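Below: a set of structures, written as C-alpha cells.
After this come two complexes, each holding subunit A, first together with subunit B and then together with subunit C.
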Partner chain A sequence: MSEINRRDFLRGSAMMAGLAVAPGMMLYDLARANQPASSAVRWGMLIDTSQCEEGCDDCVKACNKENGLPGKTGPTDEQWIRKVELKNVKTGRVTSLPMMCQHCAEPPCVDVCPTGASFKRADGIVLVDRHLCIGCRYCMMACPYKARSFVHEPLHDQKPEVPRGKGTVESCTFCVQRIDRGKDITACAEACSKAGHKAILFGNLNDPNSEISKRLKEVASTQLRADLGVDPGLHYEGL
Partner chain B sequence: MKALQSVLLALALMVSGVAAADVGVPHLDIGKGGHCVNDPKFMKLNHGDLLKKQRYITVHQGVIGRYSLINCVNCHASKVNNSVLGTNSNFCQGCHVYAAVKIDCFECHSSRPETVSQTLKEVAK
Partner chain C sequence: MDALQKGRRDIRNFYFLVGLGLLVVMAGLFAAHYMEEHGHIVTGMSNQVVWGMPHVFAIFLIVSASGVLNVASVGSVFGKTPYKARAPLSGLLSIAMLAGGLTVLMLDLGRPERVIVAATHINPTSVFAWNVFLYSGLVAFVAIYLWTMMEKRMNPLSKAAGLAVFAWRFILTTGTGLIFAFLVARQAYGNAILPPMFIVMSFAWGLAVFMIVQSAMYGWNEMALNPAILTRLKNLLGIFILGVIYLVAIYHLTNIYFAKQTAFEKFILVDGGIYPILFWAGYFLIGSVLPLFLIYSPKMGTQRHVLLASILVVLGSFSFLYVFIIGGQAFPLMIFPGYEVISSTFGDGQIAQYSPSLPEILLGTGGLGIAFLITTVGVRALNFLPKDE
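Showing the complex of A and B:
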C-alpha cells in the first residue's frame, strides 16, 4: 500500500467537506499546518484606507498583545505596526492607514544583511533569524518603509511563541506563529474586522480564488513607493 | 597480609563508590516529565544539536517540530517556580551550571510554559 500520512488524509477529507474544527478554523487549515512554507503561497495584504478610521488603533493594540510588545512609541521603542495619518495640504483630505513591514518580493533588508539573518521565507514573509542577527542595523537603514525596530533593553517574560531579545532587529512577521499553526489571519486583520472596519484583508496573493486576489482584480490599489521596484506584499486602496 | 590487602581493596572500592555517588548528575526537578520525545540518555547527549537543527527548520521553513524549545519547557518547567531556570535544581539551569556550559536560549525564549493558545492545542492533537 502506498504511504498515506495523516496530513494527506486530512487534506483529502477536507476537500470533501470543509469541516470546521473550531470557530474560524477549518480542517484544511490543520492539514497545511506544519508543512514547510511553500512558494505556492505568497502572503499579502490589501488595506482599504477608506475603511480605516481616524484615531482607531485596534490593529496596533492587537499586534502588541499578540507579540508581547511594550506598546510604547518613543524613538527607541519597538513598533511593528504604526497608525499613520496623512493630510493633503492642498485639498485638506485626511487619510488614515496602518504602516508595517511591506514584505517585499525583493527586500532591500535581505540584500544588505551581512550574516544572512534577514531573509525571505518561501511564502513571501520577510523575517529576521535572531539566532544569526548581530544587531548591526544595516537592514533598518536599507528599509524604505522604516519598518524595523531594534531591541535596546533586556526583555523579560516574552511570549513562548514569539521569542524576542536585546541586541537584535525585529519587525512585523505577519503573525508567523499563527500561520505556522494553521490560523491564516494576522492579529491586526482580526482586530480590524472585529472593530467592524474590515480595512485589512490578509490572504494568499498567489491563489487567484482567494478573497484578496479577487478584490485586487476589482479595485484600484497601489503599492507604496512602487517606483523602488521592491514589489511589496502590501497593497493600499484609496490612497 | 592477604587479608589486609583484601580489606584495603574493599575500603578503596567503598570510598570510590561513595565518591562516584557524590559527583553524579545533579538532582534535577524534571517538572511534569513523562515520556520524553527520545530516550533520556540520547537527549542528554544530543539535545543541543537537535535544538539547533530544529531552530533552522522552524524559523526558515515554518515547521514546528517535536524538538521545539516550547515542548521542552512545557514538560520540564519545575512545578515549584514554573520555570526551567531559577535554582540549581531546575531542569536546564541545574545541568548547565554543573557542566559550566552557558546557555543564552532564555535571553529571548520564554523559560516558562504558558497556557498555549487554542490554535496550538488544536494542532497538537
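Showing the complex of A and C:
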C-alpha cells in the first residue's frame, strides 16, 4: 500500500472541498429559498413623491407583467398597484404616487381574517394563503388603504410562480417570489429605477445600514393614515 | 264547513306553502350555483362594494333571529305567562332565520366549498371566527331550550335554558355589531354605538317577524288574538321602534360631531342619491313613523293595523341595512387626509356605483325561503301555536 504524502493529501482535500463548495455557491439563491423568512428583516419602501412622474405607470405595468395580472382597470378588476394623483386641498400642490398594500406591522386584514388566510411573514410581508382564503372579503372591509382585490372571474394563463384563484382575495406581495430567490428588489421599484425616476426605494427597514434606513433617517417622510396605528411598511416622502 | 273539509283544505294549503317555499329556495340555490360558476362578476359587487345584497338579507335574518327570541326571554327570564306561551314559536323562528341567514352568507363566499376551512382554521382575533361559535352555539342553546319546553320531564330546566339563551343572544348580536364596529378605517363603521344599536334593532325586527308569523298562524286557525296580549305586544313593538330611532339618531349625530365625518353623513342623509331616499322614506317614514302611527293612534292598533305595522318595520329594516351596508361602502375611504384625489384607476376618492343583480337578490330571497320553509314545516309537525288560557 503506497503512503499518502502531505502534498497529495492537501491537494485531494482542497479538491474535495472545492467540489463540495462550488455547487453550494452556485445554488446560493436556491438555498435561500429554503430558508424561512426571518424577523431580522422587515421589508419596506420609501416612495419619493417628488420623483414620481405624473402620467407614468411603469411600476403598474411591471407589476402586472411580473405577477401575470391582466392589467384591466374596471371596478371588478384586480389592481395590486395603482397610480394616484392628489391635490393638496389648501395649497393646490399636485402630487403623484403609487399606491399598494402597505404591508402593515399591525395589519387589520390579518386581525379580521376568520381562517388565518391573511398572514404576515416574519419579514413583514403581508400575504394571502390561497388555500385557506374562503373569499369572505372581510379583509377588504378592514383594509384602510383599499389595497386588496377580489378575483371576480375565472382566471387564465397564470404564472406558475404566482398562483392565484377565482373567488379569493389578493394584493401586492412585494414580489415575494423574487425575494425568496434572493433578488431583493420588487418589479415596480426596478421599473421605476429603469425609467430614471428612482421614486421607489425598496429595502430592509430593520438593517440600520440599508439604503432605505439611512434615507429614512435623513428625509422627512410620512406613513399613510399613521393615526390608525397600523405601522405601514411604506413611507412616503414629500406628502 | 265540516272538520273533514277543513282538514283537506289545510293539507292542500300546507303543501302549497311548502311548494312555494321550495321554489324560492331552489331559485336561491340556482343563483348561488350560477355565482360560483361565473364568479362574483355576475353580481353588482366590486372591489369597493365588497358586500352587497346577500349581506343585506343575511344580516336581516341573523339580527332578527336573535331578536325574535325576545318573546321567549320575556317569558322564561322575567316569568310573564303570555310570553311563555309564545316561547316555543319564538325559538323555532330563531333557528329558522339563523339557518336562512347563515346559508346566504356561506353561499355568497368566493369559495363556498371551503366552508369546512372556516370551521377547522380559526383565527382567534377575527370577529367573524367568533361568530362561527356564536351562531352554532345559539342553534344548540335554542334547540336545548325548545326541548326543555316541549318535553314535560325537562320542564324544570326550561328557566335555566331560557337564561342561557337570553345571555347568548346578547353576545351574538353584540358580535354581529362588532363585525362593523371594529372596522377602524371606514367612516360608516368603526363606532362603539353599533353593537347596542344592533341589539335594539334585533328587538324591533325580531318582534315584527314574530307578530307577522303569529298573525298568519291565528288567521290559518281562524283564531283572534286576545286583545290584552295584542296591546302588550304592540306597545312593546312601539317602544322598540322608538329605541331604534334613538340609537340611529345617536349614531348619525356621533358621526356628524366627529367633524371629519360630515362629508359621509351628508352623502348618506342628504345628497347621496338612493341612500338618503331609502333612509328617510324607507327606514324613517315607512319603517318607523308609519308603524308608530298604526300602533299608537287612538283609532288604530287593531290586530290588522299591528300586522301592517310589523310588515312595514321589516321593509324599513331592509332599507336601513341597504343604506348601512352598501351606502357605507360606496362612500370612499379617506386614505389621504388633506388631499383631493384627482385621478385613480381604482376609484379612490370616488363614490362607488352599485346595482344589485338578479342572482344576488335570488340568493337573498332563498335565505328567506329557507326560514319560511323550516317555520312552515315546524309549525305543521309540532305544536307551536301559542295558546292563551
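The definition used in the following text is that the second predicted complex is superposed on the first by the 204 of 239 C-alpha atoms of A that agree within 3 Å, B and C clash if a C-alpha of one lies under 4 Å from a C-alpha of the other, contacts with A are read in each partner's own complex, and residues count from 1 in each chain.
Quick note on the criterion: a contact is a pair of C-beta atoms (placed from the backbone, for glycine too) under 8 Å apart; a residue touches a chain by one contact, two chains touch by 3 or more.
Keep in mind that what you see is a predicted model, and the values were worked out from it rather than measured.
In the model built by aligning both structures on subunit A, subunit B fits alongside subunit C without clashing. Of the two partner chains placed around the shared chain by superposition, neither subunit B nor subunit C is touched by A:Gly238.
In the superposed model, A:Gly116 lies in contact with subunit C only, and not with subunit B. By the touch criterion stated above, A:Pro163 is placed in contact with subunit B alone, subunit C being left untouched. When both complexes are overlaid on chain A, the residue A:Met99 reaches subunit C alone and has no touch with subunit B. Taking subunit B and subunit C in turn and counting the residues of subunit A each one touches, the greater count comes from C. Within the superposed three-chain model, A:Pro36 lies in touch with subunit B and out of touch with subunit C [touch as defined at top].
By the touch criterion defined above, A:Pro154 lies against subunit B and subunit C together after alignment on the C-alpha atoms of chain A. Between subunit B and subunit C, the minimal CA-CA distance in the chain A superposition rounds to 12 Å. Touching of subunit A by both subunit B and subunit C, each in its own complex, is seen for residues 154, 165-166, 168. Across the complex, subunit A meets subunit B through its residues 21-22, 25, 30, 33-37, 119, 121-123, 127, 129-131, 154-155, 157-161, 163-166, 168, 176, 178-183. If you check the complex, the residues on subunit C that touch subunit A are 36, 38-41, 45-48, 50-51, 109-112, 114-115, 117-118, 121-123, 125-129, 132, 179, 182-186, 189, 329, 333-348, 352-353.
Contact residues on subunit B toward subunit A in their complex (touch as defined above): 55, 57-65, 70, 73, 107-110, 112-114, 116-120, 122-123. Residue ranges of subunit A in contact with subunit C, taken from their complex: 60, 73, 75-79, 82-90, 94-95, 99, 108, 110-117, 132-138, 140-146, 148-154, 165-169, 224-225, 228, 239.
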